[in-house]
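Chain naming follows the written order as A, B, C, D and E, and within any one chain the residues start at number 1.
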Amino acid sequence: MKRTGVFICWCGSNIAATVDIELAVAAAKNMPGVVFADQNKYMCSEIGQEIIKEAIRSHRLERVVVASCSPRMHENTFRKTVAAAGLNPYFLEIANVREQCSWVHKDKETATAKAIALIRTAVAKALRNEALFASELPIERRALVIGGGIAGIQAALDIADSGFVVDLVEKEPSIGGRMAQLDKTFPTLDCSACILTPKMVEVAQSEKITLFTYAEIEKVEGYVGNFTVTVRNRARSVDMSKCTGCGDCMLKCPVKVDSEFDLGLVKRRAIYTPFPQAVPNKPAIDREHCRWFTENKCRVCEKICPAGAIDYSQEDELMTVKYGAIVAATGFDPKKLGNYGEYAYGKHPDVLTSLEFERLLNASGPTAGKILRPSNGRPPKNVAFIQCVGSRDKAKGNPYCAKVCCMYTAKHAILLCEKVPGARPFVFYIDVRTPGKDYEEFYNRAYEEYGATYIKGNVSKVFPDGDKLLVRSVDALSGALVELEVEMVVLANSVDARAGAKELAQKLSITTNAFNFFNEAHPKLRPVETHTAGIFLAGTCQGPKDIPETVAQASAAAMKVTALLGKDSLLSTPTVAEVDEKLCTGDMSCLVVCPYGAISEKILEERRGRETVRRKVAEVNMVLCQGCGACTVACRPGAINLKGFTNEQIMAEVEAICL
Amino acid sequence: MPVTREGFEPLIVAFCCNWCSYAGADLAGTSRQPYPSNVRVIRVPCSGRVNPSFIIRAFQRGADGVLVAGCHPGDCHYHSGNYHARRRFTILKQLLEYLGIEPERFQVRWISGSEGAKFSAVMNELTENVRKLGQNRKLRDAR
Amino acid sequence: MSTASEKLRASAAEALACGRVSLVLGWRKKDFWWQSPVAFVEAAAEAEQLSFDPFSVYNPVKYLLEATECHEKVGVFVKGCDSRGINRLLQDKRLEREQVLIFGLPCSGKADPAKIRAVFPAQKIREVAQEGEELLVRLTDGQERVAAADFLLEKCLTCRHPNPVVFDELLWEPVPVRAGVDVSRFARVNSVAQKEILERYTYWARQFDRCIRCFACRNTCPACNCRSCIFDQAEPRWLGKASDLADTMNYQIIRAFHVAGRCFECGECERICPAGIPLQEMNRRLIMDIDKYFGPYEAGLDAGDSPPLGTYRGEDPAGFDES
Amino acid sequence: MKKIAKTKLQELWRCLSAEGALYLPVRSDSVVDFALWQEDVPADLETLNTFLPPKKFYYPQTETVLKYEFGENLQLLDASSQAGEKTILFGVRPCDTAALSLMDKVYLSEPVDEAYRRRRENTVIIALGCREPEETCFCQTFDIDPGKAPGADLLAIDTGTELVVTAQSLKGEELLVALNGVLQEATSGDEIRVKDVQEQAGEGYLTRVSVHGLAEKLDTCFASPYWDRLYRRCIACGTCTYLCPTCHCFDLQEYAAGHSGERVRCWDACMFTDFTQMAGGHNPRPTQKERVRQRFMHKLNYFPRQHGGEYACVGCGRCVRQCPVNLDILEVIREMGGAVDGQ
Amino acid sequence: MKVTTDKINSNLVKEVEEISGQKVSACFQCGKCTGGCPVVGSMDIFPHRVLRLAQLGLVEELLHSRTLWICASCQTCDSRCPRDVDIPKVIEALRLLLLRRKGGNRLHPASLSARVLANAPQQGLVSAFRKYAK
């Protein structure tokens, strides 16, 4: 029986509140194999770890069990502690007596009994832990950034900056993402294009960054340091090497289609670049609408193209590349307002979403920067801005706050007053949130300098009334009913996860929350990592946030990538499968279920009596194996075992937990 | 056996996969969604790692209910672990029922890392169902 | 027209004589009328002992495992059910196809000694021979002819593959499949399944209580071909030695699970079980569920495919609540 | 000598079960085996071989020999004390009765197996003579008279319409006295009928083999090539050994959980591959040949050598009928030179 | 109107929540209910204010308000409330609190004129007396 030490943590009062620590220590003392048991207010603290190291030395402990918070939290911390005291890090076992005991069971007596059972189970497993050693893994020194918005651009630039090669894959014909659609940015009112375009050009010119636009992720395989990604370069029908970007084709193309970039406010041609400052500034043919691909007629663009760059025969290309790390920066979609009939969106042309209003503000937008009412093309006098449309709405929208609307609506109010002298912005809000540096001051300018009227009262209904819009609400502070006649209504709609985020998450084998935003490893401690080693997050794909935070996350993610690629080699997880050749019958039922192709056939020569006999056995590639354990159940004689979660360990756990 | 107050307290053993349902269990903890202390969780790398022998052994040693929780199909960190688990436990569950074991005793559920509330709800539901059935005598070892 | 036994002897002698094989597995007669053990014939001269009579039931295929280790190539006589055993061993990579010379014997069903003893006094019976559709029962005082169909083994009543599915030579014409086998196949399983849950448990508990852990079912089963079975291993102790009912159910459930998708319904486990446990009813329940949930699959027909529990489809239905 | 009409057997069972736990052969599904008697459950007096021999009462397949508890100090609770309740075994055949006396040579010689001895004392055996041997019976090879059961406390002979019971031991006498109410006195006519049944039982044997001089002959046959050919059919299952009334090998297993546990004695079979598996993987009987040879040599050579020439086989025929591959002791006796006459 | 400790801890709020099955504390005063209420013009305390007073324990003041009898339970507010609070149920609970008190009768048969009795729809009379005369 290995000499085992049990260390129970109070976690301040988190555990001690509903688990009787003294009783647990006493119970631990007479568990089979336990020679030392102790407790401490904060086992993960410096002192706590010192107690463990000291106990290992003085009591010659061979196994350590720590009863504390979830292993997903501090397993590595305590493994380092145990290793520092000279034991193999995998001689440690954690009993999760906080998240799965003290925090969810109120009655002290049964919570303590359960805690003792969990400790007994951890001890039973620890007694059977074998020393495990990580093996060295080669690293592919190339990074992949998915999504060419400001997050992806910043991440790619920072990675390239630290000397590593990076591929940037963008679904649209040009990078720029959501920020390219903006006119100005809060709180500095910088022109969005002025701060974004230089970075886009920098990406195009950087020889470390390879740009793949009009391209999507098809498949992701492998693991940290050795990802194999298949990218689908969709057929652009334009030969990028020949095209000079003169734009003649875009003028002559007869087909007019709603421009996604301008949210349908204006038309674009079948051959198009999303916006003037596009990088690469080379058009793509939208094959769903191009007359040649739909009705087999026209080919105007081919005729007039001076460089002969049009090539209708191009096919989708699949390319497979190896990467060491991946950054997901796929951005967000504005919430569709289908079930918000009360605001007459889609029924009256002067009811716009905030992004549509932003397009009107933009000089390269549909109205060349002038604020004009879509219904009659004249500048509006009174404009109502309605906040939290689809946000903070448990009933039929997103329950969460979209974080950026209050600030950009203040910006809209200011820009409205600048662009349309004498215009009066009315902002209907629930609470104005200005959580950033210089944010509150910016908001104060909106109502002090520019005379925006802020009314705390969510608008209940917007009535089209002649050529005006009647907005009905209440001023909750004064109690006065509110009925305003305005010429335009701007809805600050919520931030949804990107359509297709769920599928990409499944390809990357990372998890998403209930609203399809990617799950970070830990909201506070590891915001840009995921639970899948080697895959990092940046920007709104992880949740609603503004540009400063997005850029900060992008640089953080880039730092994580360079830290990973900078290592000379990676330590592989040692909890991989292992074959006992004596028991193996060679029927390869393990090979069939292995998702990583880590198992192969090996011819074994062994002496039996006088002659040597050759037979087939299974062999595990320690590098490819990720330790899922599917093979251990497929193997009927139990010849293949999973180190760290062996059959013996789990059987012992089951028997201990039922005592 | 959990500490029995008045009446019968069932023992439920839950095999939770490290990437999804164990994370869901932790989330149920961090968001303080209580569930009965009869439930005890064993962490496994994947629902595909759970061998039917572990389940039968749990029943033999006195568990009154056993749950295998894994990622939703498609979310498995190892791509196909839960697909294999689905086939294995579909067969095992029908066989146990055929041999006369109450279906509520052995359950399989997909619980993702963000479904803390669902984890707690499933545990409450399972404990109550098994409490109604009473102690598992059919698969329990005599010694 | 030479009898079946003569055909066997001729084929074996010829194969051994010309050295195509160095061992032939068949059946031979022994002391009592119902005994037809497997014969190990190593020389053409010994081929005379071979015989094929109503009791040549035991599946010789599993002996190939050891035989092919010390013989270059082995000849084996196989009935319909036996031949699926060969595919079983090929599929589990325990055998190479070229190591075996397979003589296929279409079989119209074998006799059940218990049914014969119920009609004729066992002490008086000298020999029971198959003549076409009839059994010729030679007694100490005279002989009688009876219809073979009335004395068939349980497993032959529901046999859906009387003709060998894999062979090098077929010794005689294929025989028709018995009518109504598709219905009778799961008849017993359904009759048990319809019982109340407690009634089902008492039925199975009574059966398993008789199990003495002799492991004959495992040792005869071609699907159970591991070098070292988990039930013989001490650490971890998958199965205790004490014959406690719950541990016996543990053994039966896990073994049924191991052969799920591999069992080809040869019925040998049930036939030779000294405690008379209806093991076929349990294995067929698993076959029914595999067909129902993952699409019809018949084990042992094609050595190339992989067992259903080794593969998956994303859209598999689940036998539990997937919400 | 007393008798009772076979139609009134239910009353006999009721009286017997008043004296102690009555076990008799009962058919359940397709198997006949000794089972505790219950109201109006018909006894099966025709079948000669029960599924398991009566050894299962004295030497159960699973028996706790020791219980222990870790408290402050180690407490040993002796578990064999509980084997003491009074039992009555009805319908034991002469071959099984002879087998028990063979088993006594093992378990009642030093060191005496306490539980076994107490069970032998507390059990009354009512033997049932055979009327006609099965084709697989060869008890006469070992000088066992199918009509007589010297080792039993009472002998019942089925004369067709009645059961004639004679006491053969003190325990038998006491039981007869207790059964006075339900038994009648047997007439001289009954005695003649009993003798006829006993003689007639002795004739109908089909299998005649002799073990004369076999034990001595086997002394030299350890390396005989015969074993190489015999073992190949054996599939190493435990059917023959578990069903054999004279097989008595066992294995000790620990069932420990937490702070308490018990040591359990369970049947084991020399035919199992792991029977002599040593720690570290060595197995003195590596292949099935050694195991098959061991079983027959033990019964026909080692046991007679140790116990004054008595063979460890009673010719009940269970192994002949149940062996899946028809590898039985008859074949070995014939091959190894036991003179053969008749058939 | 003054918020005092005993008022804020008064169990009247619990009663209202129990009867209505709604959590008064869920409302974060967005004002959408009042904005859309068709009869808000003739109310003395607006719907979002009803919730606010309830949150502060000022139930007595609510019981004297006209709003309870103006609200026609048309559910417009409930259908738009982002916090899923069923305001008509809260107001109905307040009415029941009032009506369950002794002498709370607001309607006497004698006070209705013959013309009203003759022309009023029968169902209206029945529900009126069932509701307002306990």
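Some points to look at:
Here is the rule we use: contacts are C-beta pairs under 8 Å (C-beta built on N, C-alpha and C of every residue); 3 or more make two chains touch, one makes a residue touch a chain.
This is a predicted model, so every value here is computed, not measured.
Path length between subunit A and subunit D in the chain contact graph, taken as the least number of steps between touching chains: 1. When the partners of subunit C are compared with those of subunit E, the chains appearing in both lists are A. The most distant chain from subunit E is D, comparing centres defined as mean Cα coordinates. For chain pairs B-D and B-C, the one joined by more C-beta pairs in contact is B-C.
Relative to the whole-protein C-alpha centroid, the nearest chain centroid is that of B. With centres taken as mean Cα positions, subunit C sits 56 Å from subunit A. The distance from the centre of subunit A to the centre of subunit B, each centre being the mean of the chain's C-alpha atoms, comes to 30 Å. Centroid to centroid, with C-alpha atoms defining each point, subunit D and subunit E lie 89 Å apart. For this pair, subunit A with subunit E, the centres built from the Cα atoms lie 47 Å apart. Residue positions of subunit B touching 2 or more other chains: 52-53, 57, 61, 74, 80, 84, 88, 143. Residue positions of subunit A touching 2 or more other chains: 582, 593, 634, 647, 651, 655, 659. Residue positions of subunit E with contacts to 2 or more other chains are absent.
If you check each pair of chains against the touch rule, the ones that pass are A-B, A-C, A-D, A-E, B-C, B-D, C-D.
Residue ranges of subunit C in contact with subunit A, taken from their complex: 69, 92-94, 225-230, 233, 235-238, 258, 306-307, 309-311. Interface residues of subunit C facing subunit B in the complex, by the touch rule stated above, are 192-193, 197-205, 230, 238, 242, 244-247, 249-250, 253-254, 256-257, 260, 282, 285-286, 289-290, 293-294, 308-309, 312-314, 316-322. Those residues of subunit C lying in contact with subunit D across their complex are 30-32, 35-38, 40, 58, 62-63, 66, 114, 122-123, 125, 206-207, 210, 212-216, 218-220, 232, 240-244, 268, 272, 274-276. Subunit A meets subunit E in the complex at residues 342, 388, 392-395, 397, 430-431, 456-461, 472-476, 479, 481-482. Those residues of subunit B lying in contact with subunit D across their complex are 61, 143.
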